[in-house]
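Please find the structures below.
Next come two complexes built around subunit A: one with subunit B, the other with subunit C.
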Partner chain A sequence: MTLTRPVVVGAGVDRVDGPLKVAGAAAYSSDITLPGMVHVALVRSTIAAGRITRLDTGAAEQLPGVLAVLSHHNAPRLAAGPTNNLGPTPPPPLQDDRIRHHGQYLAAVVAEKPYQAAAAARAVTVEYERTEPVLRIEDPAGELRTDPFGMDATRGDAAGALAAAEVVHEATYVTAENTNNPLGLFATVAQWSGGRLTVHDATQWTSNTCQTLAQMFEVPESAVRVYAKYVGGAFGSGLRVWPHVVLAVLAARTVGRPVKLVLSRPEMFTGIGHRPNTVQQLRIGAARDGGFVAIEHEALQTVAMDDENLEPVAASSASAYACPNVATRDRQRRLNIPCPGSMRAPGEAQANFALESAIDELSYLLDMDPLDLRLRNYAQVQPQFGLPWSSKALRECYQVGAERFGWSRRDRRIGAMRDGRWLVGYGMAGVSYLWWQVHCEARATIGSDGTGYVRSAATDIGTGTYTVMRQLSAELLGLELDQVRFDLGDSNLPWSPQAGGSGLTGALGNAVHAACRELIRTFLRTVVNDSASPLRGCTIDDVAVSGGRIHHRADGKLGESFVAILARHGLDELTADGVSDPPDPQEVGMAPAGAFAAKFVEVHVDPDLGLLRVPRIVSVVDGGRILNEKLARSQIIGATVGGVGQAILEETVTDPRTGRIANANLGDYLVAVNADIGEIDVTFVGEPDQLTPLGTKGVGEVGLPGTAAAVANAVYHATGKRIRSLPITIDDLLG
Partner chain B sequence: MSQDSRNARAAQPAAGDAGTVRVTLTVNGADHELLIDSRVTLLDALRDELALTGTKKGCDQGACGACTVLVDGRRVLSCLTLAAQCDRRQVATIEGLSSDGRLHPLQEAFLRHDGFQCGYCTPGQIMSAVALLHEGRTGSDDEIREFMSGNICRCGAYPNIVAAIREVARQGAR
Partner chain C sequence: MRAFEYVRADDIGAAVALVSGDPAAQYLAGGTTQVDLMLKDGILEPERVVDITRLPLRGITADDRTLRVGALTTMEELAADPTVAERLPFARTALLAGASTQLRNMATIGGNLLQRTRCRYFRDPGVPDCNKRTPSSGCAAITGAGARMHAILGAGETCIALHASDLCVPLVALDTVVRVRGTDGERRIPLTEFYLLPGDRPDLETVLRHGDLVTAIEIPLPPAAIRSGYLKVRDRASYEFALVSVAAALTVEDGTITEARLGLGGVGTIPWRARAAEQVLTGAPATVETYRAAAEAELRAPFTVPGTAFKPELARRTIVRALEELGGDRT
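Let's turn to the complex of A and B:
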């Protein structure tokens, strides 16, 4: 049967969860109300390091509606959560008197009404013994972790090649701390009932939340059910089981009633991760003809006390370009800061800014067009493994992007292009995104009415999983879209990995592919000896599916419907499971490729006021097979908007004396608004990836990196000012 | 005593002493009589008292626009509006926008143009857009962008939001 290359790509399929969302009827965890539900408010530390000397909850406990106040005095000891492919669970809350960061949870108040809980939280008094916090990335008082991911890469002799190189560019690049700030306030609703726990959460990974809570509260995983039917954005902040989730579960157990805990916007800055700031040294050596002879990339980032965060920064530079001598080094400085975590394109967002800025700088030293320089050093094979890529159309990204953008109209002289009083700059960057794929499971059923039901514990955080998996299921089962239901967001469904790392569509899509294929096999087994069936004796390779029927591949008339098979055999339904696992690159003889992209950006700079505008961005993406071009395009648009934020707006500012985040609200922490965004042009190129039956590569993150570098490169082209720190602000441009 | 604990004590609230008020809210055409704390915002009254959770809380500080509703036809941030201020006024929320199961043209246009991803800001975006059409601020893409900039979309669907509003505005003009 022809399931190995499904042609399900639909440019025009609208989001299947869209009608609910535009009607305000999609229930996010903060919208869930249970009978008898009470509310939790949090008390947070107002110092960044030290210990609690006194925590008085007496006044709070007397306030109207208050049911309980949890603190390190009365909270039970909790087991540590598991370590998974992203690292350990963040430290459980309320376990001791130690302060690790400003904003750390010190107490949780449970009350009948949310405002009663909030009022009582403010009535909890805390006294501290303050010690000097370590807050700056340069501070040698903070522990320095070397090669924290075991991903430092070397090939050849980078130092030797740099010493001998004809042209060397060396510079330090700095990226600010950014905060995910999904618009949906993270909320957890928790209910214990007879030893069973039900949780509605804003998470990107129900299977992990289930497993973690089971382990921490020492109950079987089968007693825990985690729902995340709709998530109001996350961008990586929902990948871990944060302390507030644990507190909600603990509070529910303590008061014996369902509880709801909704983080406030300021709490969203300290409790659910952030993109760590970095300081990066880049050294690139080249021959006069532009050929790279050496790349050295050293990146220092921040990490919290008692925590780990998987955020390879420099590591990605090892595979971006053909270059014989490479050394990458990642380091982490441990500080008294809230836990960093993944934020859309973790590591790559920061690394790409440094690498692609450095290449732009080198192009001026070589007097080469920056696009030509990138093509000159194109990695035709994966340079670290020496294997052919499973797919790579980055060259086409560059070519199509240059055409659509009008790169040839670029006057190479600095400051030569103008639009009235505005200086105009053109800049570009390349993106080679890392590959990420993990185990995933799915289950498929066809019922006696002929409709399909496919499901997995996965989440749809706005990425379109509900939609593309329904499309895919319909295609693979030969049904119409409205004859298939795809369910997700429930840990009781087959195990799914995180909606993260741009890996879910591939992992889940291949699991759905396997489940649907196995389901067709199950139907064929059912009729294998059935003399009444025209499919008797057929194997899966003999048949195809369409119109609710299985039929001979060669003769569409020779077959029968799912309904007929089920009815004749007295079955209500047939069900099959499918799993997908990442292939071993060595075994398949290919280097797994992530998505590739080229970014072309036009900026306008007001030379007198330092105003910076980004009226036009062209993105060309090789994302392998695109399952739904409309939704994939939205992913690229959205990530590009996030990239504009990183480039010119977003900076989480920590008071260097107290460790308090000084702009922990959406009025002072600037994210891109509608007026900041101009024309965003998106094109997909390339072929289905060779590594998996589905051929997707994942496009959730690739749209973000490259944006900041292309903006910075365009700013240099417009103004001659090389800005090596993000975000690029008015004072940078007036300085 | 440290500076921090003094601050914490000074910030003690006077919970429960502000009294309750009787408020009649007309929401999507239906009257609701509420006996609520005088400090309750319109947003919390809609969500917690009337179970109209289509209106979202994104910041509770008037900075994101997720809670946008119409009061007497004008868009307001319901998190910065006290319910008590809306006594006997007409409140319109996302739940009242469709009629007889048929989506409002803006809802349809948001769907068609994929003007959202996670969907959390969407009710606020659409209510803002409804007002925008009445305000006559849809003359150009730049004008739409400017006057929709009180509504943050962190998923970054702005170009599609502009396309959806532009389309409905042009249909209306015909």
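Let's turn to the complex of A and C:
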């Protein structure tokens, strides 16, 4: 069967869920309404560290409509959630009187109506014994965790090579805390009936939410069903089972009715993770000719009390360039802050700013074009493993990007390019994204009417998984797009990993591939001794599929339809399962490659007023096989916009005294708006990756990193000001 | 949020009587400030809300000297008015640089004048120290880290909350008059005397008495020869309040500034009339040097906190740029 290199996929098919979303007919978890449903509102801590000395719910309980007020006084002890490949579950809520951060949930009010719950939540009074919170990343009072991910890398002798290097650049780079701000407010609807739990949630990972809730509430996983049919964005914030999800489930059990809990925007800033801020030291040593001799990258980031967050920052610098001596160190400072978590391109977003800024700085010390310097140190093989990459077209990214952008028109002198009052700067950055793939399962069915039904517990957080997987299934089963249904967002479906780490399309695509192939095999087995079948005795390698039929590869006429096979054998349907597992690099003799990208950015700076505009960004991406060019392009555009936000706007501000987030709303926390975004040019280059049958590499995150560094590098080119701290704002550029 | 009674007023006198007689009643116009503060932030807790949107206070009339704008005219309507486009282009620019189209279609001119500060500490009932909300409780903005959007003029140790209106900046420069209806009849209050500096009572924001209804504003139309402009500087290119904004109107004759009107936004606890700068400008040559001296004069004694430390310099430069764009440089 010739399925290993599908060709119909790749077409710019429109989102299959698009019409539903435009019409408002796609039910997000906040849209789910169940008979008898009641509502939860939350009470949050207004201090960052200490103890609750008194929590009085008496007044709240008397208010109209109030059914229950849960707090550490009456909430049951919950079992800890599981630890998965992203780390442990965040600490369960309402377990004791300790305050770990401002905004921590202290009580949950359940009432008939949402406004009654909100009013009662405000009537809960809390008194505290306040202790001094640890809030600043530099504060030595906060526990310092070294090598928290076990990913610190050493190669050669970086310190020795730096001491001997002809040219050394050394600097500290700072990135601000950023908050995932999906448009959709996170919401959980929970219902218990007869010991069985049903949850509708804004999660990126139904299988994990199911497993976690089962473990915390000590019921079998088979008694828990988690739906996430549509998710209004997440950008990583839906990867963990946050305390509000647990509270909704607890509230439903307490009052014996279905409950809905919708976070407010301010609650989104303290309850669903955020990109931790970092302080990073970079040391790069080079020979006069530009060849790197050493890279040292140390990154300090924040982490919350009683929590862990998998966010390797410095680690990615070990494999970005060919360099004999490398040392990367990650550290975390434990603070009284809300739990950090993944936010689109976790770790990479911060690390890339430091590394790619440092390389730009080095290019000036060496008097080299920054693009030439990157090419000079191109990692032809994976430098840490010494193995060839499973695919790498970063050189092509640079070349195509430079051409599309017009890099050769760049006047290398600082401040030499102008547009009226505006100084013009060109900057660029490279991106080598880490590879991430995990186990995934899928199931495929063809029914007696000849239509296909393929499914997995995976989620589509707005990225297009429904669409791409339907395309892929149609291709693999030889059906038309409208003859296949792809279902997801239900933990009862075969196990799927998170929609995260740019890993889902690869993992799920290969599981779907395996399931569809297995289904064809199942059909072939059904007719293996069937004298009436032209496919009798065929193996999968002998056949191809198209037009709802299996037929001989060599002779399209020699075959029969799925419908005919099922009918003749009296079957309603045939079903098969498929799994995909990440390959072992040593076994395949290749270093698994993530996506690569080059970013070229033009900035305009008004030096008097400090205004910074980004009229033009060229992105060239090696994402392996692109299953749907239109959706992949949207991913790169969206991520680039997020990168602009990180570069020039987004900063979650925490008050140094109280630990309160001062700008926890969309009026004060600035995300890029349309007027901030100029032309975004996206091109894909490269070949299918060799590691998996499908040859995809994830493109969900690679569009973000590189943007901030390229902006900062362009700002330097325009103004001569080297800004080593994000975001770059008016006050940085004044004067 | 607390339960409240909603009343729709259909008579001006009745509306005024209703609110004046009830300390727990408040007016509701477009609701873009009021509803946020009541329902989302929980800062305002009226027991009765009097919807004034059906009152006959919507519409614009002009004669050759004055533009009269009913208090319930929306921001979009005012921006679309031909007299505004022709005679008050900087007011139009200021309107369109504010909020978003959706908001401007709801927001009224009366509400714009009376919009409440965006101070992040004021708007969070979880923050105990806010002198404006709870007199004598302190000021969290001064000690906090989030005071980027705060005022540096008219500000002091008690309160640094910004009056964030864009529209009021050109209005205050033009000597706009506010018409107010109280229980004792109608008054005319110059906009420059309408707002109160925080002083030791940051909770008192205007000279209005409880229940006073703004019925209209009267904008004196400037001479046709005057050139005006509104320059708004902010982090985001759109949909954000000003870090600094300047509304300027200049008449230059033979290289000399004969009339200067200057309002500042983003920097004042009230819409800021830059009289010190106007004084420097009037009668002086239209040169960058004059503009710098004017900016310097206005920003002689700003009150800053770490978050606003960059603002005086940004304000000076924005003033200079705005004036230069209008008056050129005759050096």
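Worth a mention:
We adopt the following convention: the second predicted complex is superposed on the first by the 732 of 735 C-alpha atoms of A that agree within 3 Å, B and C clash if a C-alpha of one lies under 4 Å from a C-alpha of the other, contacts with A are read in each partner's own complex, and residues count from 1 in each chain.
Here is the rule we use: contacts are C-beta pairs under 8 Å (C-beta built on N, C-alpha and C of every residue); 3 or more make two chains touch, one makes a residue touch a chain.
What you see is a predicted model, and the numbers here were worked out from it, not measured in a lab.
Looking at the shared chain after the overlay, A:Ile359 reaches neither subunit B nor subunit C. Contact with subunit B, but none with subunit C, is seen for A:Ala27 once the two complexes are overlaid on the shared chain. By the document's definition of touching, of the two partners only subunit B reaches A:Thr463; subunit C does not.
After overlaying the two complexes on the shared chain, residue contacts for A:Ile723 are found with neither subunit B nor subunit C. Of the two partner chains, subunit B is the only one touched by A:Gly184; subunit C is not.
Using the contact criterion defined above for the overlaid structures, shared-chain residue A:Val685 touches neither subunit B nor subunit C, since it reaches no partner. Of the two partner chains, subunit C is the only one that A:Val653 touches; subunit B does not reach it.
When the two structures are aligned on the shared chain, A:Tyr115 is found in touch with subunit B and with subunit C. Residue contacts after overlaying the shared chain place A:Asn663 against subunit C, while subunit B stays out of touching range.
Number of subunit A residues touched is higher for B, counting subunit B against subunit C. Contacts of subunit A with subunit B, set against its contacts with subunit C after fitting on chain A, overlap at residues 46, 115, 119, 122, 264, 667, 672-676. Residue ranges of subunit B in contact with subunit A, taken from their complex: 1-2, 4-5, 7-9, 11-13, 15-16, 37, 39-40, 44, 47-48, 51, 53-64, 66, 93-95, 97-98, 103, 107-108, 110-112, 114, 116-123, 126, 142, 144-146, 148-162. In the complex of the two chains, the subunit A residues touching subunit B come out as 14-15, 17-28, 30-31, 33, 46-47, 54, 59, 63-64, 114-116, 119-120, 122-128, 130, 181-185, 230-235, 262, 264-265, 461-464, 630-631, 633-635, 637-642, 665-667, 671-677, 679-680. Interface of subunit C with subunit A (complex): residues 1-3, 40, 42, 118, 120-121, 124-128, 140, 143-146, 149, 233, 235-240, 243, 309-310, 313-314, 317-318, 320-321. Of all the residues in subunit A, the ones that touch subunit C in their complex are 44, 46, 115, 118-119, 122, 264, 266, 608-611, 613, 648-649, 653-658, 660, 662-663, 667-668, 670, 672-676, 729-731, 734-735.
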